[in-house]
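What follows are several structures.
Two complexes come next, and they have one chain in common, chain A, joined by chain B in the first and chain C in the second.
So, the complex of A and B:
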């Protein structure tokens, strides 16, 4: 069998490549969050990212950008950053498709109502709200079933979600 | 030396991002919490990447993006909207697609795209890999970039030229990423060294024919106690020989075929076409043996083979040509490879090993063959037992089993029954034959089929294993495993009867017991004196 035998060359090259492929498939400590998991996160309210995946999403600007692109491709409506900051009072954001308000509860000031009303009562309602804060972090709120084109979510007044939604720099996607 | 280590670290750094992407894809989850992509698909993806054999899959992907994009161009909904990346899920998704793009024809077999030329067909079986490849490209080349490269396709550009342009752009994007992240392939010293030795001792034999039992043993004896290469254990040398046999056979097969090769590939000058390389690795992967397949299908649920039996059968190379090409090495590995493993384990645990060698002429090789036959005999008995619950449930797999386990039975009696009734044997359909089979009443003293069923019922009642008890409720798993059980039985019988039995084993026993004892004494006495690692 001559040293430059094409069969031997091919067999050895294949075994070398196979070894590298196996080596590349060995477990790593910091896997990237898969795009398919981002897709499910964006489209399936029942799907929860694991805590490690959530941390990956927060630390990986590429993954965050991919998620934004996924959301931007299919929103029910998009609420951009607000031009002027409201200093006090209830938060209100409005688009052609929906109105979002944050109103502190009178009976229980530690609770705040997030209310979303659809402009077109006949429109297929959104199932999730995604909020992107100024620092690029994502918050997701699964929405309950709309009743008479309206849905209400009870939030902690001092919680992070209310803080994010109250910030005029925050962008909101309903989908 | 420092420079070499620095280079190694640089190479590792380059590939770390690539490894993180591949890990992310293989760890991605389906909606039931299981893996989204099968291990096989992940392996195929890694293979395509390492071999840089992505030209054809990317062309397929470009056609598929048109079909998956439907009328709005949002291909993501098909690729990642399915529950898991499997052929069945993609079939369901495409069949349910109301608005496939123009020129796209969806059928039970796959998706066809009419690009104005010969058209392009993609089967559902191919789609899990193409989805994984697209996911890989999105995570490496970039989502926005992929969207831009496929923009024309998603905006209705379905011509052959548009597909080719998109495919070329995607290839360029992936090429650029891999140029920065995929380190050069490292030579596997063990295989290269072994094959060089084979070259020098092959005489006029070529390819896998040059690897024989004599060469395997001689190589081990020559290099086991040297620092030239890791060849201390016979098992390592045997495994190297097996892998090379598989690769050389696959390479010879590939190069003898009329596969289209890119212009400019000069195989005589040692150039290797990536598609050839990928095909050879694919052939090695496809050699997964029937035992692995059976364990994957029914594993813990229906124990046609238990753990102890599997350990014994794993000694046989059922999925490749090793038993045919190096039959003596198979048993040398099973017998003396195991002895050596005990020695090294004892040394690793700080014990002085006992050299419990086989007596020359004690018939240990023949006893080993009998052990394999006994194990597969048990599997055959379990297969016989499985006929009964499948028969009772009216499952057609009962017939498959019965035909395979009792081929000499006069199965024509079912057809003759029809002949008497209808006078037309040719028209006897499978459905009618099945109906007649399931009407047979088990009877040990009845005709052959009735007696077989009675024997099966008796065997069933005598088994107490997972999957073989009335309360186990694992009939579906059992039925699914029947083709794998039959393949395993056939493979073991063929390996034993065709490849291993027809040798003068007593003549090997005398010399092997002596040779291996001599080598083990030499190897481990050296280790004890020098206190080096026994591996």
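So, the complex of A and C:
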């Protein structure tokens, strides 16, 4: 469902109103991310969470669980944790739908290529990658337009994203 | 890189090509912004400009993947091609003269330069840029495609030269034309002063030269690299092009013979499947109600086929096993494409395909499993799967696809199943 679909917007507004009503009727309340924001975060690569919402996502297990449910509902593909034997060597994950690799740049060793290749060239390509690290934290990478069922993203070799994707304990969703 | 600094003319002003570096061949060539981890949208066009068979840069340099950094964003068009070509040629030179080259133009596969649009605006932007420079410390030249609209003979004191092809552009820039990468080794030509050489020495020398041509020929090096990288379709296309001449045909045939020595001598040790059957669709969701039975080529029962699992076992210490499982709900090849295609899961002893059904197999439904074993994993496009997964094994197109892979060093096995 497109993020700017009026019916979708109406439904999300209703969910937010319901959540607010429940909060008003509950004696002890804690700040939570609006479901509509989480939904847009999961479905719209251009949508950014506010810094406070981002902090909540990192600290609130319920918000993280909500996001996981949204992502798991219909991912393009899901790459589970890898076996321990996969901890050495180049990073490569493979499913029936896609292959993900990390390749250090020869030209700029401080940068690393994330390459995603789709098995079915005719499949509608994913637009985002979500990675959940072993500690439960989420990382999102918007993907550029696929060309011939392939996309390349340059990442900082010593950055958090490469560290997360290199960890066999990380789970990856493409959607 | 030589002392040449190359600039791409744009309507916003000249954009410097800052650096060209080789990348890992498994990476598509990219254009990045100013050394940052930011890939510009024109990168896919640059990759096509670089990589064989269409690209011209790999033909010039023998390498198929580069990173090119530019000082400002370039978001569309192909008018950067002439500048990129000149910059790659300059990179091949050690030393060289100091010169600033400002240029725009497309380069086709024959290395002819084609006109581009908005040259007048690009020249105006260059004039503004040059007027802002305090001095013109180096020799400079503006290169424009021949046939563009009238432009001045000089811009800001820099001469304008019209070029018809890439060779014109390099000559005008004082950059030596690169030696073309040999497509096929030519026999020695020319005459030398005669010396008395024994027939045995001539024979031995000929053998040594032939061996050298054989082993260090650039085709062999390139094919070997493509093989190691699993770029099998590109390998096949490259060898096919070489077959256009007699020597190339001989070398391609020799390389194919070498590839066949790498091919597994036998099919996988075993390919076995299992059906998971239940009384009806609802029972498929109740594990105790599901029975696992060995898979035979035809299922004639009346129960629901909840799941099919196929396992191929082989000598994984020597070979790589890959493959595809295709599900045809209406029968083999009954639609434009299968309803599902699976790569399977890699295991220490082989590969397993496990297929759950959203749409349970009805009479007529079919599965085709193709198992390919060979020396390397295959990367990139694999067009042979279309025929291998959709046609009867006795069909000519299937046999052609199988033979095609076997000539490239792979062994193909097929398993069929259908519901009667």
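The rule is short, and it goes like this: the second predicted complex is superposed on the first by the 140 of 175 C-alpha atoms of A that agree within 3 Å, B and C clash if a C-alpha of one lies under 4 Å from a C-alpha of the other, contacts with A are read in each partner's own complex, and residues count from 1 in each chain.
Please note the rule applied: contacts are C-beta pairs under 8 Å (C-beta built on N, C-alpha and C of every residue); 3 or more make two chains touch, one makes a residue touch a chain.
In this text the structure is predicted, and so the values were computed from the model without any measurement.
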Partner chain in contact with A:154 - chain B first, chain C second, else both or neither: second
Chain A residues touched by each partner, larger count belonging to chain B or chain C: B
First (chain B), second (chain C), both or neither touched by A:39: first
First, second, both or neither for A:9, with chain B first and chain C second: first
First, second, both or neither for A:65, with chain B first and chain C second: first
Touched partner set for A:105, first chain B, second chain C, both or neither: second
Interface residues of chain A shared between complexes with chain B and chain C: none
For the chain A and chain C complex, residues of the former touching the latter: 94-96, 101, 103-108, 111, 113, 115, 119-122, 144-145, 147-148, 150, 152-156
Touch list for chain A against partner chain B, complex: 1-22, 24-28, 30-37, 39-40, 43-44, 47, 62, 65-66, 69-70, 73-74
Chain A-touching residues of chain B, taken from the complex the two chains share: 15-16, 18-29, 31, 36, 42-43, 46-47, 49-51, 74, 76, 80-81, 85, 135, 138-139, 142-144, 147, 183, 185-188, 191-192, 195-196, 198-199, 202, 205-207, 210, 243-244, 247-248, 250-252, 254-255, 267-270, 272, 276-278, 280-281, 284
Residue numbers on chain C that touch chain A, as the complex places them: 19, 21-24, 26-28, 30, 32, 35, 37-39, 41, 43-44, 66-67, 337, 341-344, 346, 381
